[in-house]
Amino acid sequence: MNVAVNVRSIFEKANFIRDLGVTITGVGEGWCESELQVSDRHRQQHGYVHAGVLATMADHTAGGAARSASGAKDVITVEFKINFFRPATGDRLRCRAQVLRAGKTIIVAEADVFSNEKTGEKLVAKLTETCAVINQQ
Amino acid sequence: MNVAVNVRSIFEKANFIRDLGVTITGVGEGWCESELQVSDRHRQQHGYVHAGVLATMADHTAGGAARSASGAKDVITVEFKINFFRPATGDRLRCRAQVLRAGKTIIVAEADVFSNEKTGEKLVAKLTETCAVINQQ
Amino acid sequence: MNVAVNVRSIFEKANFIRDLGVTITGVGEGWCESELQVSDRHRQQHGYVHAGVLATMADHTAGGAARSASGAKDVITVEFKINFFRPATGDRLRCRAQVLRAGKTIIVAEADVFSNEKTGEKLVAKLTETCAVINQQ
Amino acid sequence: MNVAVNVRSIFEKANFIRDLGVTITGVGEGWCESELQVSDRHRQQHGYVHAGVLATMADHTAGGAARSASGAKDVITVEFKINFFRPATGDRLRCRAQVLRAGKTIIVAEADVFSNEKTGEKLVAKLTETCAVINQQ
């Protein structure tokens, strides 16, 4: 299977990603992009998109980027760190992830999450993630 | 309002937390606990609970612990880091969060997430989170 | 070689650790302790111990704890995250690290750094670290 | 004082940075660069530059970038996360830091550390750091 098929499969087969509404919008060697139409269920107590939604989207898209660089093998998230820069109040999120370093057993990727705020598209969160390369399941 | 009311309010007013099914099960000064009945929608492509579900639960419960230590003021997540130790395959998650350091403007909390695996309750993830204290909204 | 010999060797053979003055004070399966006599060279522009000194001590001691749990194999740091809770102004630091999860290829450890402040020993920093298990060199 | 003077002062007045040999090589609004001539004292047990040296350099240079964006106020490190991509075996390190988000109370910066390896300059580590803006001391 080629890179795109492998990575798209990660999005299609993950119940939580489908349930949330995150869809893959692009993929290539070492990168992956996704988007999400925000609805009220994604928000937290202040009306902003919940940090967990941003983290889920960034984690999964970074995992997609990592998977695009792991050949025939699968990847799982070992850990990630995410910073939140400003509240996401728009109705659409876009995420762009890219691999920083692809080793045989560990792949590190980062992901930026953008929100279409009234003043334009803004960077609302940035994640750095470590994935482990595992045998295909 | 007292601590418990303030913190319970964070869980009740957050759409995404209600949508996910995370409920608060205990709170005191400097700590907070929650649980989640896992269903198929929470899983990822390997059948494990999605990292984003674990992260959301840990983030929100750590935020609850931080809120229990911020007096009349509210808190927001500045950043967090989470490590995943093993796949969560059970049908129930439990999270325990506690404050590590409560300053006037910044509160740091950590959260452990446990899954009831066939071999007993196991630690599946650990988060460390930095919150900012903000004026009540 | 036994655990203690392996871990002590990591401290003795690391130039930068000897140069800094960090010494191992205890080790067992899954944990490691160290200390440092602070001198003026360890400080930053405000007179506090530099974050880099705290990070180095925490990283190396966490690596020691990980090495105590890796059998015949060696470990290297893949990544770490560290929070700083208050300025370290004392003349002695103590670090305690313990393994959170020891897998075949990845070991996660955490480390607390304490400073003997005028008001007593205080927690000044906490680190979480991911190590990779590698073949002995 | 202008930006460059403020930031250079952070490097000159920090004992540990001078002791290590890290020098500032450039600064502007929102960015800072530094370098280090590696010597044997900077290495760990495998002969590579110690993770603590890379972390110190990245932390301090990110702090310099943050300071360039904090106006008349000073900054301190709240937390950082750093990933290590490959061993640093060269004799010179270069660090480039830039601000990701400058708020009134919190500034987030990232820093890349490069090593001049035999095969050319390589990215060996990447840090993301949260700083708090404090009153001038």
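What to note about this one:
Which chain is which? They are A, B, C and D, in the order written, and residues in each are numbered from 1.
Rule of thumb we're sticking to: a residue touches a chain if its C-beta (ideal position, glycine included) is under 8 Å from a C-beta of that chain, and two chains touch if they have at least 3 such contacts.
Note that this is a predicted model, so its numbers are computed, not measured.
Interface comparison, A-C versus A-B: the higher number of contacting C-beta pairs is recorded for A-B. Using mean Cα coordinates as chain centres, the one most removed from subunit C is A.
With centres taken as mean Cα positions, subunit B sits 21 Å from subunit A. Between the Cα centres of subunit B and subunit C there is a gap of 28 Å.
One inter-chain figure worth recording: subunit A and subunit C are separated by 32 Å, centre to centre, where each centre is the mean of the chain's CA atoms.
Multi-chain contact residues, meaning those touching two or more other chains, occur in subunit C at positions 78-79, 81, 83, 108, 130.
The residues of subunit B lying in touch with subunit D in their complex are 78-79, 81, 105-106, 108, 130, 132. Residues 81, 83, 85-86, 100-101, 108, 110, 123, 126, 128, 130 of subunit C are the ones that touch subunit B when the two sit in their complex.
On the side of subunit D, the complex with subunit C involves touching residues 9-10, 13-17, 19-20, 40-46, 50-53, 55-57, 59-60, 76-84, 87, 137.
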